[in-house]
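Have a look at this one before I ask anything.
Chain IDs A, B, C, D, E and F follow the sequence of writing; residue 1 opens each chain.
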């Protein structure tokens, strides 16, 4: 893994990865997850947000056998192993889709839109896809 | 131009091309227009519908100089030369976007959703993009 | 019954080509005929033989090509859409051919049903 | 100021690459520095040298390549996204290089601002 | 010509495709939800009344493989939506008149 | 860190991007409409109240080149939306904190 300490004083920034899309219908969910797993190896302050249809990425019991696509929902469980611990799900988005935290494949912090406003405003870099 | 008369009895079908996207933000408007111009050369019953953001394709006074993309809005004027005469714009879509027929680059038939339901239901082939 | 298929998106980014592929497999299994599969817009990327998915992922370029060989499918890539996107003979997968938009219209005329898959 | 740019869509189908190109030109004109342009998702298609737009249309692949040469821009194509989409060295336009996702994260760290262009 | 088959592949939360389909599909149409369109089939979703409002004069279908992929097999769907597989999708196309995809 | 810049490139009629941006952008944010996002700037559009409702606590901008391309130069925009060119876009990014694109 790359190490940028030699380039000067270490920079630690707040990175937020924003997921607003459902899985499988488009590749954005999967390719964003691939970015987050790489980003976790850098010594930065990483958070991942699921809002709008992004919350659907975390739905339990995904079974892609019949659509022939790779089921990557279990990979979200690896975020914890990579020390990505700030995982936020917007309350309003979850409720609008008829879901609760019990439906999700990993433990998350459910935040209301008003709280998420504050968290987003604290970021240095926001990557959306 | 291809001629399929030799393949058997001539088939005349009702083809409808449905435009639901704004121009420039995506290429669908332009590439759909390219299909319609080719389709016009076949001896079929062609209609073109503009609904939702598709109505924005026909807005007058488009000037793409500063975005560096090709302005294809004048090409809609060629539909008449190609004998494509059934051009429908949904009334509700036009109004929601604050537009009127005077804002459009070509003469069209403005139809209410209830009429468009009937026209769509009469088609043999519906091509959307 | 004869089906015509139009695919407007490439492999991977949207599910369109996956859905179309499974529809075609199911139609063939039921004894229907596929008159033609036409690739338009970003759909032309489905014909790129350089595509190399991860080994645990599906490879739509290869799947379409194999299905075409097995069932003599006519897979047509739009020349105008392909040229601007850099899909040319040198990267064209076996089983696909490049031709004009007239092939789409002709499929609409000759097939009993046309089904469009896109974004 | 140093800008990092992320482009998630290819040329033609979405305006993302056009908008990013015009943003970068304007930033350079104002004396800013472009730390890196990173191409992800379908953005990797911007590097396909076989792309051949109509003569009266813009050619983003060529425009990015020329801008990179003129201003020594670092245009990085994500290797994982590119491999599955068939963008490899044999079709890579001059001025682009293929590398890993770490280059995107590094751009986020080193640049003062990151701007994302996509669908 | 028999009634049309409308196909919606977009989430009703993200796009206007379902709205437009429901506005423009004639009485007696069949409406099939595929890909991200299947999120519209969830009974407890905020958008569910859009479909229930047309349940009387249209028939609704949802593609089972897309429901399963998205983990919705353990979720209640709107009463009256029929789940089909890809072969059922083919049958729907064959049994109806023209097919319109609301991309 | 100064306030954020939010970028919306989607039509408010087709997608939920503007809705989500307006729900999650904090007070004092700058919101820039580009590409198909500029349709949200039309004063007579049915969606105009979405932006006027946040005009008090956010600042709104729209990209002139995208407005001109779509033929909206002869149309009234919502009062208070400032039109900028690409150099103005660059300035907005430089003058604010993080930039968030609502794709």
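We adopt the following convention: a residue touches a chain if its C-beta (ideal position, glycine included) is under 8 Å from a C-beta of that chain, and two chains touch if they have at least 3 such contacts.
Fair warning: this is a prediction, and the values are worked out from it, not measured in the lab.
The chains in contact with chain D and with chain E alike are A, B, C, F. Chain pairs B-C and B-E differ in how many C-beta pairs they share in contact, with the greater number at B-C. At the chain C-chain D interface, residue numbers used by both copies make up over half of all numbers present, so the two copies contact each other through mostly the same positions. Taking each chain's centre as the mean of its C-alpha atoms, chain C lies 28 Å from chain D.
Remark: chain A and chain B have CA centroids separated by 40 Å (rounded to whole angstrom). A straight line joining the Cα centres of chain B and chain D is 33 Å long. Chain D and chain F have CA centres that are 24 Å apart. Annotation for chain F: residues 9, 13-14, 16, 35-36, 65, 85-86, 98-99, 101, 103 touch two or more other chains. Shown for chain D are the residues that touch two or more other chains, namely 8, 12-13, 15, 19, 22, 41, 54, 57, 114, 116, 118-119.
Residue positions 20, 24-28, 52, 66-67, 69, 124-126, 128-129 of chain B each touch two or more of the other chains. Listed by label, the pairs of touching chains are A-C, A-D, A-E, A-F, B-C, B-D, B-E, B-F, C-D, C-E, D-F, E-F. Contact residues on chain C toward chain E in their complex (touch as defined above): 1, 3, 8, 15-16, 19, 22-23, 25-27, 29-30, 32, 112-119.
On the chain A side of its complex with chain C, the touching residues are 24-28, 66-70. Against chain A, in their complex, chain E makes its touches with residues 9-11, 13-14, 35-36, 39, 42-48, 64-66, 68-75, 85-86. Of all the residues in chain F, the ones that touch chain A in their complex are 1, 3-4, 16-17, 20, 23-26, 29, 97-103. In the complex of the two chains, the chain B residues touching chain F come out as 20-26, 52-53, 56, 59-67, 69, 71, 73, 95-98, 103.
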